[in-house]
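Note that chain A is present in both complexes that follow, paired respectively with chain B and with chain C.
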Partner chain A sequence: MDFICNFPFFSILLSLFSGTICSILPGKAAKIVNRVVIITVGILSGILLVYLLDSGESFVYWMGHFPAPWGNEIRAGVLEAGMALFFCIIMYLSMAGGAHKLFDEVEESKHNLYYILINLLLSSLLALVYTNDMFTAYVFVEINTISACGLIMIRQVGRTIEAAVRYMIMSLLGSGLLLFGLCIMYDLTGHLLMSNIKESVSLLIQNGEYQIPLIVSIALMCVGLCIKSALFPFHAWLPDAYGYSTVSSAAILSSLVSKGYIFLLIKIIYRVIGFDIFNSTRIIDVLFVFGLMGMIFGSLSAIKEGDIRRMIAFSSVAQIGYIYMGFGMGTQAGMVASVFHILSHAATKSLLFIAAIGLTEVSGGSRKFIDLTGAGYRNKWAGVAFTAGSLSMVGVPLFSGFISKLLFAQAAVQVEGKMLAALIVLGISTVLNAIYFMKTVIRIYTAAGDTPYPCITFKDMKVHAVVLILFVILNVLLGVSSQPIVNMIEQGLAMFA
Partner chain B sequence: MYLILLPILFPILAGFCLLAYRKDPGRKLLTITTGICLVITGALVVVALMGTKQGLTLFHLTKKLPIYFNIDKISVIFSLLTVIVFLCAGFFSFVYMKHEQKEKRYYGYYLMAFGVLNALCFAGNLITFYLFFELLTLSSFPLVLHTGSKEAVMAGLKYLFYSLCGAYASLFGIYFLYHNCETLTFTAGGVLQISPASREGSFFLLIAFVMILGFGVKAGMFPMHAWLPTAHPAAPAPASAVLSAVIVKAGVLALIRVIYFIFGTGFLQGSWVQTAWLTLTLVTIFMGSMLAYREPVLKKRLAYSTVSQLYYILFGLAVMNEEAFTGSLLHVLAHGFIKSTLFLTAGAIIYTTGKTRVDELRGIGKKMPFTMWCYTIVSLGLIGIPPTGGFVSKWYLAMGGLTGDIGIFRYLGAAVLLVSALLTAGYLLPLTIQGFFPGADYDDTACRKQEPARLMTIPILCLTILSVLVGLFPNIITNYLTDFVSTLL
Partner chain C sequence: MGPNLFVNYGEAVAAILFCIGFTNLLLQTNLIKKIIGLNIMDSAIYLFLAEKGYIAGRAAPIVTNGVTSAEAYINPIPSGLVLTGIVVSVSVSALMLSLTIRLYVRYHTLNLDEIAAQLKKEGK
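Right after this comes the complex of A and B.
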């Protein structure tokens, strides 16, 4: 076993322990530790990805060389390593893009707390991505929830406390359901390791035993993760949580935290239940329908919203709907489209949050549309970046959003019964997206008469501007050279089996 | 080989630099730079047209979707029209834009739209075409809301909304085509290998109809025409000239590409789609003329006229035989030159007198005889009086319609063309009549010559001459097209 195989384990531990170290460091040092950890983990994941692409097969890593069921297992394939790398990139950019706002948003004495939470969040995300053990997954789901709550709460205004409580209740409900599902599964199969459960499940299916408890268990796990990733109609916690937390938190929550749970669900579908068994249940139809409803109702709520941050948050509901629609198609192509959309949405949504903060800054901190009039002229970089993000969301070619829509449509065309519904809703939702994003773009480029707000040039916001440019480049990269990424996703999904 | 990219990238980059340039360069420098950029782009287009022998695959969007450029005879016709109208309207706007704000932004987007249109003409497959179709909407949209008044912003939004809806309706069709065709490269005669009688075929007929409606939005097809008469007059006059003469032609080009190069005429001939399409075109021709006839504001009247005239072109496409298709292409050129002249003269009138309504313009011929002469000549062309451009194209259209295998539409088509020609005379000529013959009670002692500056009159003159030339020497174009057209059908 090569030394590189230790990397997943290293990255989890590194981020976990750096969190602990941050608690005794002053804010500034904690920030440096945090950045270094994210970069290191990113580099480790990158090397791992190259290694895996080269070797062409996944590996299982026994912690401490104890075989299961005594020891704990980690598993890494192309998709896991790719996700970890991508998560690190987005997290670094989001942190850098929101750093200048942190002093307004969080008391200085609490800065190191903030970095503890970020590190914990990263470690739990990595664990969710890499783990091969359902119980470990559950433990890190909880860690993830707690650190996410902390991230919402750390900005101490009334709305965030309410939002955090709401998030806590919904999230705990979700993890509770996940735990129920897990218990039933453990009862049925006697295993907690993903590969072992899968063998037992296929035996159970073959023998026709315990069909109903099995379905109930799968359904509970799905619903639990749906609640946590804010699938319509479980999205009530989302707009406040994303809308009022600090800007980095909002970007990270929307583009990484919910995606971590979705990735866990993908793992459960492939590694625990088995893709074909999962598709033979009726659950995918339910996911499909709720996905479609989310696409429409999320956008409708976004259109009605008068607050730019909450609007972007509602748009997440619609985008999560896309991902679940891909699951609901029950084909390999649908799954590839969903995974690609996880990437594309993460890149776009964090861009939008970071750009929106640039726009609200030059509008006296107000997030109401009326005050944002002309903000695109006052902060040119944020304006351009927001426009680029909007175009990607609407699905203009050359941006990542177009490719994911194309992939969804391609997948839909292959599924006889769901084709028309999927394509029509895709069309409607695209037009709805266009309505609220173009409305915003026009608003920020409508010349405002006399405003008391100052203009911001590149000198005042170097880091912010560079981050925005990097985000736009990431988006265009995903949109222009999508084929290698799609190939990688296909390869990764094949490794899951 | 990369020659073909120059006329696309150069104006887009130039426009981008102009927009990104922070300081105010001063009016003179700005117009000179823009002028040079326009001329260079024009030259680059000609060079690209002459020098390109084979297509160019730029890169692959996904495995089956290359971004691919190629030049065929359709590209030549459309890109020459684009270049001429953009150059003339561009020079015209150097004077006209004096009384508008934010010139830098205007020229920036103007250049960008130019580049995007060139790309649209050179696009070699459906996905490249779609890409630039979207970009065209986005780059021409700032031209519509240029004045920034509430009315203009609403018009811009309407334009954006209709265009995006249309584009997505077409994208819906592209999804299915992508799945069922070997390639989406434009191939004369079509690439769809499905018989219209099969079960799949009847579904693809529906797809074809949705795509016709979707791309038709850009060309102002009834019932999705409402954006056009709102958006075109809202823009500054040279921009409306470009919008009406060239940018709506992107919709026409889209339909040519989709019907003749993707679906193939064999697939649609005699189907319900052809019937529905013919009905829609005839309704639109008639309705556009009627609305223009009733409209008192000059620029709006011209915009309604655009709706009507575009559907002459689409009627020719829907008939699907060689003569009608040739007629359509001729009318693309004729209407392009004529409508841009009309909008530019309207612009010259607004610039010098500030009046917009037709009934306020009594005696305008005494003040601006040169402008009004050009107006009158091209009006006659649009009505279809020989020897100007409109006559030949309408002749071909009518002949194509009469010999076409389209049942009752054979006679209906010719009848509607005639009635609409009368209406055209009815809405264009009153301005000439009142302009030159204001009546006995008109006090012409007070009137002074108010001809606009050279930079305005010369583009108008060039376009007028071209529109007449199309009528005098249509053979050059028809000979050029004969072989090519027969491969299409």
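Right after this comes the complex of A and C.
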């Protein structure tokens, strides 16, 4: 086994331990440690990705050298390594983009705590991406939840504490269901490793045994992860949690935390249950319907919202709906579209959160639309970046959002019976997206007349502007050179089987 | 299904307890009651696991008198899972309780709806 095969393990351990180290460091040093860790993990994942693309097959890594049914395993394929790399890029940019606001939002004595949480979050995300063991996945789901809750409440105002409580309650309901589903699955198959469970599940299906408990178990795990990733009827906690936390937290929560759970669900679908067995259940129809409802109701809530951050948060509900709609189609193409949308949404939503903070800064800190009038002129970089993000969300060619909408539409055409519903809702949702995002863009480019707020130039916000530019480049890159990425996703999904 | 339900009555009780805990965590407005619901829900899962790991007439998997045959002991993995689960639920409960204290100090109530109403009044 090559030395590179150790990299997934190294990245998880590195981020886990750096979290512990940050607890005894002062804020500034913790910040440096945090940045270095994210970059290192990103580089390791990048090397791993190149290695896997080169070798063309995934590998399983034994933790502690115990063979299959007894030991704990890590598994890495193209999709896992690619996701880890992408998560690191988004996390680094989100941290850098929100760093200047951190001093206003969090007491300075608590900065090192913030970096502990970020490191723990990174390690739990990596573990969710790489693990091959269901119970390990559950434990890291909980670590993820706890650190995300910390990220929400680190800004100590009433709103965020209440939002954190609501987030915790919904998350705990979700993880309770996940754990119960997992226990039933263990009970049925006698295994905790994903590959072993899959063999037993296909045997059970062949012999026609324990059909009802099997469906119950799959349904419980799905519902649990849907609650945690804020699929439509379970999204009540989301706007407050994303709307009032610190800007980096909001960007990371919306673009990474919920995606970690969705990625775990993809792994469960492919590696635990088996794609065909999953598609033969009625669960995908339920996911499809709720995905469609999320796409419409999320956008409707966003239109009604008068607060820019909460509007962007509600837009996340709609985008999560898109991803679940892709699952609900039950085809390979739908899945590829969903995975691409995970990337596209992560790149766009964090861009929008970081750009929105630039706009509110030049409007006296107010997030109301009326105060944002003309903010695009006062902070040109944030204005341009916000416009780019909005265009991507609406689905204008050149940007990543267009490609994901195109992939969804192409996937929908191949599915009999769901095509019409998917295409109609896709159309309606695009129009609704356009209404609230273009409303905002027009608002920030309406001349305001006399305002008491100062203008901000490039000199005042160098890091912020560079981050915004990088985000826009990332977005355009996903939109322009989508084919290699789609190929990579297809290859990665093929490795899952 | 009927006869199985009576054979596996422990699992049935665990499922009912899980539902009770789940509804409490979801529907109670009092934060402390919510946390109690959370603990009932988690304990129900541990009961389920313990029931599944237990084999009638066998001992706990600790070798004391030199018996090494696997036939003599119950399945130890569910017990291990329960231990891990307990660690997780303890830390989650602690976090929830600390959040509750924060909210109580600020708003002098444990009712989540009242807290939301007060937040609206603050208008921030």
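Everything below uses one rule, namely that the second predicted complex is superposed on the first by the 494 of 497 C-alpha atoms of A that agree within 3 Å, B and C clash if a C-alpha of one lies under 4 Å from a C-alpha of the other, contacts with A are read in each partner's own complex, and residues count from 1 in each chain.
One rule holds in what follows: a contact is a pair of C-beta atoms (placed from the backbone, for glycine too) under 8 Å apart; a residue touches a chain by one contact, two chains touch by 3 or more.
Computed from a predicted model, the values in this text were never measured in an experiment.
In the superposition on chain A, A:V431 contacts chain B only, with no contact to chain C. When both complexes are overlaid on chain A, the residue A:V486 reaches chain B alone and has no touch with chain C.
When both complexes are overlaid on chain A, the residue A:L173 reaches chain C alone and has no touch with chain B. Of the two partner chains placed around the shared chain by superposition, chain B is the only one that A:L398 touches, whereas chain C remains out of contact. Of the two partner chains placed by the overlay, only chain B lies in contact with A:Q410; chain C stays clear of it. By the touch criterion defined above, A:A164 lies against chain C but remains apart from chain B after alignment on the C-alpha atoms of chain A. No residue of chain A lies in contact with both chain B in one complex and chain C in the other. Partner chain C is touched in their complex by these residues of chain A: 135, 138-139, 142, 145-146, 149, 153, 156-159, 161-162, 164-166, 168-169, 172-173, 176-177, 179-180, 183, 186-187, 192. Contacts from chain B toward chain A in the complex involve residues 59-63, 65, 127, 130-131, 134-135, 138, 145, 148, 153, 156-157, 160-161, 164-165, 168-169, 171-172, 175-176, 178-179.
Within the complex formed with chain B, the chain A residues making contact are 391, 394, 396-398, 403, 406, 409-410, 412-414, 423, 427, 430-431, 434-435, 438-439, 442, 446-447, 480-483, 486.
Within the complex formed with chain A, the residues of chain C that make contact are 18, 21-22, 25-26, 31, 34, 38, 41-42, 45, 48-49, 52, 77-78, 81, 84-85, 88, 91-92, 95-96, 99-100, 102-103, 106-107, 112, 115-116, 118-119, 122, 124.
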